[in-house]
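Questions regarding the structure given below will be posed in turn.
Letters A, B, C and D name the chains as they come in the text, with residue numbers starting at 1 for each one.
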Amino acid sequence: MTRLIVRRVLWTVPVILLVILMTFVLMRQIEGNPFRHSERAIPESIQQNLEEKYGLDDPWYVQYLRYVKGVVTLDLGPSLVLRNRDVNDIVREHFPPSLELGALAMAFALVFGIPLGLLAALRANKWPDYTAMVVANVGFAVPSFLVATLLIYFFAVRWGDVFDVPTSGWESWQSKVLPTIALGLGPMAYFARLTRGSVLETLQQDYIRTARAKGLRRRRVVVVHTLRNSLIPVVTAAGPILGFLITGSFVIEQIFAIPGIGRYYVTAVTARDYSVVMGLTVLLALIVIVANMVVDILYGILDPRTREAR
Amino acid sequence: MSTTPHQRRALLSPLRLRRERRYPELPNGVPGEAGTPVRASSLWRDAWYRYIRNRAAVIAGVAFLALLAYCLVWPLVSPYDPYEVDFSQASESPSLAHPFGTDQFGRDLFTRTALGGRVSIGIGFAATLVILSIGVAYGAIAGFLGGFVDNTLMRILDALYGLPYLPFAIIVLAIFGGGNFWTMVVALSIASWFTTARIVRGQIITLKENDYVRAAHAVGARWLRVLGRHLLPNTLGVLVIAVFLELPGVILGEAFLSFIGLGISPPDASWGSMAQDGYRAYRTSPHIIIVPSVAIAYLILCANFIADGLRDALDPRTRET
Amino acid sequence: MRITTRALVAAVVAGSFAVLAAGCGGGGAGGDEGGPIDQVITINWGTEPPSLDPGLATDTTSADVLLNIMDPLVKLGDDLEPVPNLAESWDISEDGKTVTFHLRADGRWTSGDPVTAHDFEWSWKRTISPDLAADYAYQFFGIAGASEYNSCKSGCAAMRDEVGIRALDDSTLQVTLTSPQPWFVQQAAHTSFLAVHRPTVEQFGDNWTEPTNIVTNGPFELARWDHNSRLDLVRWDDWRDAGSVKLERINGRMISEGTTAVQAFEAGEIDMTAGLPPEELPRLKDTEAYSQYPGLGTYYYGFNVEQITDVKQRRAMSMAIDRQSIIDNIAQADQLPATGFTPEGMPGFDTLNPDSPWLPASGDIDQAKELMAEVANPKTDVTLLINDSPGHREIAVAVQAMWKQLGLDVTIRQQEWAQFLEFLGPPPDASVDVYRLGWIGDYVDAMNFLELWTCKSGNNNSNYCDPEYDALVAEARQTADNDDRYELYGELEDKLLGEDGAVPITPIYWYTYVQLERPTIKDSLNVNLLNQTDYSKVEEVEAG
Amino acid sequence: MSAPLLEVRDLRTHFFTREGVVRAVDGVSLSVDRGRTLGLVGESGCGKSVTALSIIGLIPKPPARIVGGEVIFDGRDLTKLSERELEDVRGERIAMIFQDPMTSLNPTLTIETQLVETIRRHNDVSKREARRRGIELLDEVGIPNPDARIRDYPHHLSGGMRQRVMIAIALSCEPDLLIADEPTTALDVTVQAQVLDLLDELRREHDMAMIVITHDMGVIAEVADQVAVMYAGQIVEQASAVELFARPEHPYTEALLGALPQLEDAASRAGRLTAIPGRPPSLLDPPEGCRFAARCPYAGEPDGCAEHPPELRELRPGHLVRSEHPASERARSREGAPA
């Protein structure tokens, strides 16, 4: 297990370099000027001053090495667009809300999705199953921007006095309710379906029959024998979803005016803020790698067979 | 080998909804199990029979074909010009003349939804096919060459597995300066093939160990022939399922990108860009956002149930029992 | 803390029907519980201000904040004329090339230091310096020696001393210009011309604008700045004229999505917001909260004259556009259909406006078709370049349909902003036939608009180049007398859009600014033509 | 004669599927005396496992349902018990072990957990005590080094060892009846005999009754006192093992025995039962008459087998058969009318 983790950590290094290179190459293909934000032209001399200041006049390999060095030394450099800010500042300020939103949405998805799926599986092909699966399928299929829009309209605007949730922002706990639901509904539906399928499959396993033949109480059969084994595919799917929730929530962040990293990423790409895009992409890759590692560890805990196999 | 088999299974089973239970030593005559009189039919015919027994999958399949027919045929016969601007009819609610209402320009949404569907579904399938092609190539190379190459390629995938594709899609769209059909396809597939590559590679490895492949190899068949004759055809089932599993993600991705304004250029529209149009007007004309959103949901539901049906019909593990 | 309940109580106490009629809460967040009017309002800045460093700020959001936390030399009056502020008076030399500001003695920094002419000299030269690499250094290029210093490679220190900005003593600031620039005093109202606190900047470097570090000298202080989320201002009670400032606190949110902002307003979370989506305007127009201000800006389509070479085709295309329909059905904010390039409200407008025959408000499709028929080799496949922000797409679709009637097959090419700017040039990419742009005044003189179309202008994206036009612009620059200059501007407008004009552009409409304002503050709010709000004059009052 | 420990009367378990009703168990009656072993034999799909699962109420519901009959165990009809009452019977009074030890143990839990939970479910003992008993049991079923092995996960053990663990779990509460469903089928040939010996030995030591379900006549010969032969959801012949092997009556039993290789020859095992030509009928829509008629070499027009299902009748005391053509009658008729 420890060896596995060490190996994964070591593999992180070339992969991060690869991600930096990938992003660097991609970003260099983009036309556009990070210093020109409006239709107003920038005089040649000023453009030169700016390029010199940020080293954009250096050869590409010098710039690449500078980025790599920046990542290694955890100093991602200054933003080209927000003139008084470092990428580190931006990450520090915008990452926590995204992380929190992603974590809340994930928690919402798991806390509601797994029981819903379990309920559906244990009452397979009866009305609780059908109800749960209608909820899950609709939740999965309806785009989150519509969900967000409807939630805001009904709960914050139309019945705002009753529900006491604000339309936007990320400060009070009330303000976090609607974004969490809007973002978490899709994954919740996904987990519900995943859990249902997985539980149904586990229930057919011979060892479940054994457990029942031993006279174990139904609760124990479900909780200890069925659920635990059924969670393995759920955990496997949870890693990438967490990555997606933390980084891919730009639509939700936009609609709810949440100062998060996803919303900022789009702005940075649009504004050609190379250093910010680079920094955020690396951060994103790191999150995914860490999430995958956590999944592997959880996986090892849930399934002892994989523990020694590696 | 780390986590592959289970993760592979997780990827294939999330949407598993209706699957016949495997009965303990099944009595003769229980459908689809040992003891059923052997039909001398091919894998695909067998799969077809399994598929049409799945009511939800059949309904979804029919619904999907109906959607395709609507998108392809309706714009040809529609009485309305989908591009003609007529402000006197702007933002009308659904009525008999305009079942889905009209948009801000007075264009018939029933016709434009069909056009948008062509674009969305087209982008969806094209991107899915690109994803599968890259994934198959990568996975096949890794699974087939094995050893050091496999190890390196897979460690990279292990790390990138689950990397959200949308940020890269945004960069790609910025490179192209905006969206049109093909730039959307590239954007949506550039960082989405990791999962497929893993599935294919796992499938190839499993099949490589199979007796008949070994046998074919033992009697001196060349690898290329083994690959073409045995491995890929057997992976095909998994890939067909993967098409419908990938499709919802791609369709939603297209919708999100369009929603933040990186969609395809007007006057063409996709469902995502139509939803973006509708979002800002939702208070006065809610139908403009609801129509394309529901269309997206409809397509995703169809794809899900079709994927479920296909998997139950084609999943080799079901077949083995 | 939620405000709805208390605000409703407050509204009832004040006997106000309006708040209830608006169907939402009201009043501001925060403040004391006592009176019905707490002088605390919550506004929407729209976006994160990219920089609160006057030397580096280039955008309207930063300007909105800066103009309320800093003390400019002059402010702009109702007719955009310069009004004394920190400078109690100024002299302009006979030749118009030297401007001398006389500063008040009671200007103070929040650190306690007095605000002096030396602060301005240092600040302006800092902005001009190549080290800072400020985008808006060019705002100073009308000052003698400024552009030389900005592009210096060596001997910069000496060149710095050559720049025509000099503090003669603590209260006298002398500026030497390269030419007479009658608009210079107005220009000094721009954020680039604010002073910064030298010791603070030197101590904290790039981070001097953070709330814990910043030293300001205006009516409000920066109380809180959570990036991309909140920026709050509080009244600075030691400001030289603090007694006249009514508002105690301005809580500022940053909601960039218009739909979200409208929802927040209707839910009573904010008291004021701009950036309303045009689609919402028909519904909002009837509410009491809706207000609308004329703006000093022009929304226009530009032709690439090297692609659409025949002036008749350009005139035909210009005439085919039904501006009023675009305003009524798409833009929806009662913008004015443009009759020239320089917008209404600009000093001298009556003299300079060409009342262009090529810009009929509701279009003239018949005459446009006639003109089109005369075109020898019309370019019928037209590429229209727009950027992908909301609003432009809709107008482009409408124009596309209008031009279709001329037999033109228009392809709309939508690009995201930075890429779009690359394609615009100048010179514009050869694939671009028509593009959309807008121009909003930096300072209050038609020169700011008309100099765009000189041959070497960095904003001339039309490939239009007429030496006579350039000569007229040069002449206007040297003309200190307003009336004479306005005549020259009229000639320039004619060259563009007059009877014999080259029509390198076809203006669509002149901007208006629309926003939602809580009726309790509406009457005292004022947004000037440059879209600036002076919160030191805003007061929360009972709704009428 | 005392009442049998278990008596199954006319048990009918049907599967209600979309295609129709599958009569997996269609009127099975059998009984097991205390301390004795009943062998239940038949080819795959004949319903013998479903019979066993019906007894302890583990059939998959839906689609299966017991539609008729009684399962009298120690004086109580198990089909009438609630799920909770059944849970008390299972494991404690009736234990069951399954065919595939590789899949019958939960792969994610240690042997200890799976043993201890069973012991503590039915006995009020401390964890420590349960663990001690668990180790004893492992020792008893012949697992070497039991205090170390108990901490292992199933995948650490070989198939034979796992089946021993299954047996240990089954024995943990000293059941009165042990149902062993194909207990040796999935094991290596060399291990099969050991496991069978172990089962038989333990049965004697613990004075249990046992139902051994198998398709392997060799297994029956080794352990069974009584034998019931099942075909297509019904019992076709029942007798003591000695009697059955000496004088099989039903043509199907004859065929089974005829196909029995002389020696324990694993290689031919797979082909053993299919040596009878034809296939068993679908239970979805079983033939009205004798279910074996289609494969019966003696069935002919005049006997009416195709129309009238034969009843289970007692040819000799303790020897029941369901056929119009039992061997002894055939012999008599051959004597009467030589060919």
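Everything that follows uses one rule, which is that contacts are C-beta pairs under 8 Å (C-beta built on N, C-alpha and C of every residue); 3 or more make two chains touch, one makes a residue touch a chain.
For clarity, every value in this text was computed on a predicted model and none was experimentally measured.
Chain centroids computed from C-alpha atoms place A closest to the centre of all protein C-alpha atoms shown. If you compare A-B with B-C, the chain pair joined by more contacting C-beta pairs is A-B. Averaged C-alpha coordinates give centres for chain C and chain D that are 89 Å from one another.
Put simply, the C-alpha centre of chain A and that of chain B have 22 angstrom between them. Measuring from the averaged C-alpha position of chain B to that of chain C gives a distance of 47 Å.
Note on chain placement: the centre of chain A and the centre of chain D lie 53 Å apart, centres being C-alpha means.
Multi-chain contact residues of chain A, defined as those touching 2 or more other chains: 30-32, 149, 153, 206, 209, 254, 270, 272, 303.
Within chain D, not a single residue touches two or more of the remaining chains. Among the residues of chain B, those in touch with two or more other chains are 21, 24, 174, 177, 279, 282-283.
Residues 83-85, 87, 90, 104-105, 173-174, 177-179, 261-262, 265-267, 277, 279-285 of chain B are the ones touching chain C in the complex.
Chain A contributes residues 4, 8, 11-12, 14-15, 18-19, 23, 26-27, 29-32, 133, 137-138, 140-143, 145-146, 149, 153, 190, 193-194, 196-198, 200-201, 203-204, 206, 209, 232-234, 236-237, 239-241, 243-244, 247-248, 250-251, 254, 265-266, 269-270, 272, 277, 280-281, 284-285, 288-289, 291-292, 296, 299, 303, 306, 309-310 to its touches with chain B in the complex. Put simply, chain D touches chain A in their complex at residues 56, 58, 62, 83, 87-92, 95-96, 98, 100, 103-109, 117-118, 121-122, 153, 155, 166, 169. Listed in rising order, the residues of chain A touching chain C in the complex are 30-43, 45-46, 48-50, 52-53, 78, 81-86, 89-90, 93-94, 97, 149, 152-153, 156-157, 160-161, 164, 166-172, 174, 254-259, 263-264, 270-272.
By the touch criterion stated above, chain A contacts chain D in their complex at residues 125, 205-207, 209-218, 220, 224-225, 228-229, 302-305.
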